[in-house]
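The structure follows.
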Amino acid sequence: LQERSWLSPWMLPKTANSILRAIGIVAFANSPLSGLFILAGMFVGNLNVGWACLLAGVIGVIFAKLLNQPEDLLGDGVVVFNGILVACISVAVFPSLSGHQVDVAFWGVLAVMLVVTAYIDKGLNALMAPSKLPALSIPFNIAAALLLLSLRGSAGMTGTHTPEEASISSEDSEGNGTLILSDGNGTLTELDGNVTEVDWLKVMEGSVLAAGQIYGVGTIDSSILVLLGFLVFSPLLTTFFLLGGIIGSVLGAVVSVAPYGEVYAGLWGYNAMLTAGGIVYFLHVTPSSTLAAVVGATLAALTQAASLHVFSAMTVPVLSYPFNVATLLILAISTVPNPPLLWVGNKTFP
Amino acid sequence: LQERSWLSPWMLPKTANSILRAIGIVAFANSPLSGLFILAGMFVGNLNVGWACLLAGVIGVIFAKLLNQPEDLLGDGVVVFNGILVACISVAVFPSLSGHQVDVAFWGVLAVMLVVTAYIDKGLNALMAPSKLPALSIPFNIAAALLLLSLRGSAGMTGTHTPEEASISSEDSEGNGTLILSDGNGTLTELDGNVTEVDWLKVMEGSVLAAGQIYGVGTIDSSILVLLGFLVFSPLLTTFFLLGGIIGSVLGAVVSVAPYGEVYAGLWGYNAMLTAGGIVYFLHVTPSSTLAAVVGATLAALTQAASLHVFSAMTVPVLSYPFNVATLLILAISTVPNPPLLWVGNKTFP
Amino acid sequence: LQERSWLSPWMLPKTANSILRAIGIVAFANSPLSGLFILAGMFVGNLNVGWACLLAGVIGVIFAKLLNQPEDLLGDGVVVFNGILVACISVAVFPSLSGHQVDVAFWGVLAVMLVVTAYIDKGLNALMAPSKLPALSIPFNIAAALLLLSLRGSAGMTGTHTPEEASISSEDSEGNGTLILSDGNGTLTELDGNVTEVDWLKVMEGSVLAAGQIYGVGTIDSSILVLLGFLVFSPLLTTFFLLGGIIGSVLGAVVSVAPYGEVYAGLWGYNAMLTAGGIVYFLHVTPSSTLAAVVGATLAALTQAASLHVFSAMTVPVLSYPFNVATLLILAISTVPNPPLLWVGNKTFP
């Protein structure tokens, strides 16, 4: 497929392939089939997220060509996935952060931001090239934070904000997403009242929901579709994803206070999940890299706990910033001479 | 001129040349004539800013010699301009931030800071050398933020500050600078009252005033003198400066809320202006680098909108930090193999 | 000693040597004897700090072996000292920040964090390898900030905090540490009442106490023991340490407001102290490197003054972050061609 020209009837399937692989590569599942499953999960969870994903994919492919991105990276979707994440997460988070619905103006701003994201992606990868480490989803984090903070200004909010109203509503409140910060005293807070015990069954549910949260859709149906997508690509990777999700959710329950709405919704799991998965994706699976994955997931959860204070003051979600920090630090270990962890040369997965 | 020894009567003209070029190079206008125009603009706008600029120039040249800075960089003023920016902006901003006048103690602290700036400049350039990208005015941003935050402590302010009193007075309130944060309810706020419409003519005026704001002087006379200085160096560059200023000011008007005092004063324009200019300065002017300049200016304005929340919580202006981030990201694109944007080897300007 | 195998009866002395050298290397005093003096100082100042230091040493050595750290670095203690700092400072700071005593749960969390620290250390050093600069105690700063911020969440604090209760109690209030943030109006504040004059004798005392503060113990006995440890290693280095401490304390007194409890306790001196010492440790002692040490100490104190606002909003101490920033910037100067400052090849100290 990669050898076909872009100026031929092959354009359409090539674009579709790039977009679907880009969806999968967010979670290291580089296969069009995984992408299809995950896209289905998005549409099931939140229609807008699905459409935003497709919009981002098309803009991403166009600007990847304009910016001379290498053909093989484009075919793998590596240069498109940050835009997709920007679109998905912005659409999922925007309504609750601003109190507005997703309207025409928002789609316009989003399209401009997707173009800017393509430039950030290319620039950051050039900056990181000497370190031989992947840029992961750092461009997404920069672009999404810029977008959300800019829009915040136009909504009339300035300076720091004591996040008194930032109680997190649970995923079952409206069925269309969990990253929602409810305004005022949400129903959840009232229902749970003075329940301060951790419901460990719900923490486990949160570990599964974390899979959907990667893409900004936090319903149980979507998460299962996303996990199916992972499973099609690699059962081993999926195991590590779940392991990471459990570590993150449990640590989240330990360091946060009641009510544990965020933990149950999977918002504490997805960073640790991606970190554990990312480490075994890039490194050979050995006892010491398994230990590294566990340490990495712990580091991601702690980073999330630590940076939450800064991010909540700005009323912006932590996005996947803890995942990027934790994964880069662990992967950097494998770049030294005589490393305890070995880089995978040719990635084929069981 | 460059071949003359420093230990000769040529010392004075060599120093003057370095300082004047340093003033121009802030905005990429590397010519003593441009520097002269801009210096005149400073003295017209705010006497203190002009004197501070000369003080910074002299200290900068002395320490550049002490630190073995290369002769050609010194001749071009590249190693001096960060100190000049520190001096100009500190003097312009200090009275309004602290409520004090510029007194003897402040000049003493400023002189110490200028010495420290010379070391920061040298150190940061060494750190960035492997990336083959210019350090731009990052040393200025570090040094000025350090200075202003330190002085803030001695003024008795600690922690974050809900910036309720941080309404920006317009440039016509006192005629001597626009970076002034007025205390309490400024007259501007009262005059504009419940006017929430954007006055687009004033936004265009802001795009011009942005030229003066680069140097901390925001009157219309100063800005025109500064723009004349740019024009003497390169009409093409000036065109891109104005284009960037317009993009920044318009986006500023879109993302901020009434009253639009900051937009009208040019405070939203100067980062986008410098970014657009910087990109065409370092890259060949082609359709794709023009597009890159537009994207860069947009990115700078968005970065300013996003970081404003953090900076205002610390009651420190955003300085030129958005310009540095945006320009570096775009320029980094040109360092990859087979780049879509070409670096300019020999800089001669039409 | 270095040639002996780890799987022999030599294990114990080898471990002891690594730990003692690691204690000394925190302040560049690479000698077991210095480490012994300093360890004695810790136990004198605060029993818990001493035990935490030993625990960190043992965990550090084990994971250094697991992560294939080079034998010579392990012998010098370079790979262990960040863990030791994490343990010492966390134990010293935790009770006052959280209002809890150091209990079993805390020791468990600390042990997990020490393992994570070993990975951060290895990863960060790999990331910084291309710049040929030392990572100094940056891993400690990352790990300790993560630990303290995470624990903060579980104590029910979120978002920014106007630090109204963050008055610093003096070192004589309880005799076991000075990093204590007293709750409410401490006795010190009341005693000093409306005294706003700076007591310069106490500022000098603070310059000495800074030595103990490096390790989180701020009593005069401990500080003298620590300084003795430095003196055993190198009188010249100790001179620069004291010079740095004085610069830091005096600048601290200038930029902060009454009461000057923090200045008198040495909390303003230790960053400048480490910076001045670090610069002469890595560079040849010449007039220009002495000037660089003075500038570096000034830069460290200013960085501390500037970042205090951010850190206090998060109720986290500034740790040794100003020292790292200042030292790296100055050291970077020596990496350029034809540098004004020369790197020391073979480190032997008078």
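By letter and in written order, the chains are A, B and C; residue numbering begins at 1 in each of them.
Simple rule for what comes next: a residue touches a chain if its C-beta (ideal position, glycine included) is under 8 Å from a C-beta of that chain, and two chains touch if they have at least 3 such contacts.
Please read all numbers here as calculations on a predicted model, not as lab measurements.
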Between subunit A and subunit C, two copies of one chain sequence, what rotation angle (nearest 5 degrees) aligns their Cα atoms? 120
If more than half of the interface residue numbers appear on both sides, call it same; otherwise different. Which is it for subunit A and subunit B? different
Per the C-alpha centroid definition, the whole-Å distance linking subunit A and subunit B comes out as 36
Among the residues of subunit B, pick out those that touch two or more other chains and give their numbers. 130, 160, 313
Note which residues of subunit B are touching subunit C in the complex, please. 66-68, 70, 112-113, 115-116, 119-120, 122-127, 129-130, 145-147, 149-154, 156-160, 313-314
Partner subunit B, residues of subunit C touching it in the complex: 130-131, 160-163, 254-257, 288, 291-292, 295-296, 298-299, 302-303, 305-310, 312-313, 328-336, 338-340
